[in-house]
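So, here's a batch of structures to check.
Each of the two complexes below includes chain A, the first together with chain B, the second together with chain C.
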Partner chain A sequence: MPELLPIKSIKDISTDENLFPGTPACAGCGGLLTLRHCLKVLGEKTIIVNAAGCFTLLSIYPFTPFKNSWLYTAMACAPAGAQGVRDALDILIRKGRLSPEEDLKVVVLTGDGAAYDIGLSSTSGALHRNLDFYYICSDNEAYGNTGFQWSGATPFASKTGTTPAGRINQTGAELSKKNLFEIWRSHNPPYIATTSPAHPVDLVNKFKKAEQYKGPKLFINLSPCPPGWSTDPSHSVRFAKLAVDTGIWALKEAIYGDVKHTVVPGKFKPVEEYLKEQGRFAHLFKPVRQEEIFKKIQEMVDQYWNEVQSRESIKK
Partner chain B sequence: MRLDLGAIAKAGTSKANQTGSWRNYKPIFHQVKCIGCGLCKIYCPEGCVTMIEKKKYTVDYTYCKGCGICAEECSSSDIEMIVEEK
Partner chain C sequence: MTREMLTGNAAAAWGVRLAEVDYVPAYPITPQTEIIETLAKWISDGVLDAGFVTVDSEHSMITAAGAASATGVRVFTATSSQGLLYGFEMLYSVAGWRVPLVMVNVSRGLSSPITLEPDHNDILAARDSGFLQIHCETCQEVLDSILMAYRLAEDERILLPVLVNMDGFHLSFTREPVEIPEIELVRKFLPAYHSKHAFFKATQPMAQGVAVLGGHAYSYFKYQMHLASIKSLEVYKEVSDEFKEVFGRSYNTIEGYMLDNAEYVLVMTNSFSTLGKEAVKKARVKGIKAGLLRIRLIRPFPDMDIVKALNGKKAVAVLDQNISVGKGGIVYSEIASALYNERENPLLLSFVGGLGGKNINPGEFEFVFDSMIKAVDTGKIPAPQLLYTETEWKEMENLKKIAGKQTTVIKTASV
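Now for the complex of A and B:
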């Protein structure tokens, strides 16, 4: 039986490591930090099905930082690969060639490129078939592995490799971020949550809670990316924290479609505090301050929380 | 390193990559003002900060990439980042 009692402080997080050091991830990678916490809860009886992305570099033969198994698939088909693995495990157990104790948890690990854009259709298929798996999307808001190009997860006004800010286009990315949480929620899976590396207690509790459900369990994690966001590696956790405190990244969960916000800051900071030290938003401050863009981003955030407030009666 | 037939990598073989050589800045754990909150350990992306005893933490320089999150998040400013000289 999984442990259902929620933990209260970071002291309650297991000290066992299921992710070894020596990975090729960048210094200060927010995604790697979260993956380390996820694997503490998931344990070593796990198979990770990975779609092409930064995390593919973690396990390049003959090197692996994991205790668990690893299957690498193309960008579009990680959930389809997970279906194959799940079916194979079920058949082996049914035939008695694998004891039920030897069963593995099937975890799909992708970046935002595979989750928001390229692999969305195969995820939709897996959700529709009610496949029993975990999905961890490490969202650094662009195609980080190939040079930080624009993706469906890139927020409004972010500078990326393919949306450079200059004389002609002063905004950067002109479209706003896709709402993947709501796309997933429309399939009505048992559990969806958003997580942040700055809130490990919340993250561990969400994984513990998800364990009791059979079916798709999906997580979107905001992963600060020092080379892509042009931030100092030491500030990764700080920006993850600021994203939550400004209301830009809402920490929430949806159980069978019922949304609840898990961490709501007492007083919201202005979004400018989150934007001002990131290189990808530097064009909003220099050479001229683009006030109308700050206003637009702040309005988007305010509108979101006003809707939440009226729905969940949370004090803002 | 010995490779097995079937191309199966043993758990944790990534430890052969000593990523400590990437480091430009080196964290120094003074172990003086430490209040034992454990934030350095929980926020280290590599998982190479360990607790020796209560209010005494140390880092494995073989793998520490020198990101500086431990020094930034330390609640008592007990960790200092210094330029690494090799």
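Now for the complex of A and C:
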């Protein structure tokens, strides 16, 4: 196995582009930026197996922004599609009907609705079978392509189309974000990581590291979503960075279940700094400041990092 | 060639083995499971060189099957009833991918109430999906139809997936003598699959299953599927001619039984047609010029073959083993639409029977023939009728009594 050389700076990221501009994705799409970075590492010999979501509209007949292959499946079953493609490629190569040079990395690309909710069964199956594939979940914390409704990935107190803040319910979403990382980890895949469009060096190194493992290699990317989050498209990277700096979005990896945090802020910013400029949390600030909710969110974040600290001896 | 006593399920597995498929994604469901178990064993023993994977649902199974087919291997899978409906979304998707997947459905009545025995609501629900559909009466036909199905699906003029249907229990678990053809003959009829259209490889990236924007693009691809399906009527005849040449057995889109000089024709599908043929023989003994038409190819629907077969008949009774709730028999509607624009049509009667594996007994068939004769004599066509016998009615009354329900007196046509 070649020695793994992590890159140190954004300048070390390949200048090759496998995802070209001109897509119908929204301005400032955090997921698209990440996908571009991912494909720089994954390369051209890749097939993306897509589930219904925002990215389904990247390939619209007769156009595709990708250098690589693409198969749209349906919302619940991209990992099953990946199984079929991976197995078929292996069979063709084994039977001598396809040159090993023609082999492809199989990459599932979904949003959080498919990953956290409707596609969980097919994902679990693929993980359990130790399918050799990548999974990129672009998590914008709601059903974005249908106009931002609540999903299992929606965080506590976020306003969405189906968790509106009103006179009776002033909170917005009352449930906390589902812990997909831990659900995936319980299947003991070789590699899981969280990523952020604000930390491309971390992202690139994670994809490079993942490459050495045969089996499921899974990524959850927090994808700022200007129309859903009601944020300025030019500030997506800043919000992605704030999510990390406040400790709300923990950048970590798990190698065969062993969790390590890869980016730990020296000093955590208060969560309010992340929440205050996003329209999806505006109801927490106006007409009255909902101090209890700020406190609860801050406590959840603090508790998370306290546990991390005691487990990984990280200085907070 | 060897001759063995095989169940319908085992015959299906033999068809798959002889087709030398590359890949079988699977998920168990009664009464189909014996097919995938048989294939799993053969793959495990090394007599069939294929990949096998049990996935988490029929939805995933059809997805994996379609995706593998889109990657360029020969794929088989099988399901039944609830499973077909659970994976239903992907039937349309995979058909739209234009990949040559062959799938067996073992018919079983749909829940609720949940049951195990056959009728055709499951398979007929898939009739608009784009899959071609071949419905089988015998175990031999199941084996042979799978070989024919791959020829049709992989034909460049078609490139649509195929569903081969058999009745649960009545065929899936019934042993009949089946000729297992020699592999050399099969290879002559069905050469190895080398996909020219659907594949994934590094040097030739391709986007499959992509979105379209606008009805013009959507309609174009849907019309293409329809035209390919219609074209397959022609290709079917080539394939069945060649099949006869190689194996000596012949399967048309429809099968006539004592049909040539018949005046009163029963229309049926699948394995209960055997009961219908028996009833025709009995009617003939009584001097009724009875005959039977079995529809084998349900998609594409062989309108012209049916029109020709029923031309000049006095009356036709379609015996549907399915029920479109709120309308009636599904095949009846299809036959009616095939005949409607003809100048001279037979009287067309509709009967629903054999739901959930309910027997169709000789008395019920007599009732159907009597109804046809009466309709011709009086010129009056009865409303669609639901077949149910006096004995069955009494049994049901008894069950209701045990369940503590008041027995009712509402009763329509019964025998």
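We take it that the second predicted complex is superposed on the first by the 313 of 316 C-alpha atoms of A that agree within 3 Å, B and C clash if a C-alpha of one lies under 4 Å from a C-alpha of the other, contacts with A are read in each partner's own complex, and residues count from 1 in each chain.
Just so we're on the same page, a contact is a pair of C-beta atoms (placed from the backbone, for glycine too) under 8 Å apart; a residue touches a chain by one contact, two chains touch by 3 or more.
As the structure is a prediction and not an experimental result, all values here were calculated from the model.
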- Task: Report for A:Glu312: first if it touches chain B alone, second if chain C alone, otherwise both or neither.
- Result: neither
- Item | Contacts of A:Lys67 with chain B and chain C, given as first, second, both or neither | both
- Query: If you stack the two complexes on chain A, which partner ends up touching A:Ile10: first (chain B), second (chain C), both, or neither?
  - Reply: first
- Check the residue A:Ser59 against both partner chains and state whether it touches chain B (first), chain C (second), both, or neither. both
- Query: Who does A:Glu101 touch here: chain B (first), chain C (second), both, or neither?
  - Reply: second
- Applying the touch criterion given at the start, work out whether A:Val49 contacts chain B, chain C, both or neither, answering first, second, both or neither. second
- Once the shared chain is lined up, is A:Ser122 touching chain B (first), chain C (second), both, or neither of them? second
- Do any residues of chain A touch both chain B and chain C, and if so, which are they? 59, 61, 64, 66-67
- Provide the residue numbers of chain A that touch chain B in the complex, in ascending order. 10-11, 13, 17, 19-30, 32-33, 36, 58-59, 61-67, 197, 200, 226, 232-238
- Note on the structure: chain B contacts chain A in the complex at 1, 3, 7, 9-19, 22-23, 38-39, 42-48, 60, 62-63, 65-69, 71-73, 81
- Would you tell me which residues of chain A are touching chain C in their complex? 44-45, 47, 49, 56-57, 59-61, 64, 66-74, 76-77, 79-85, 87-92, 95, 97-98, 101-104, 121-122, 124-125, 129
- Note on the structure: chain C residues touching chain A in their complex are 22-23, 25, 49-51, 53, 55-57, 59-61, 63-73, 75, 89-90, 93, 194, 200-203, 205-213, 217
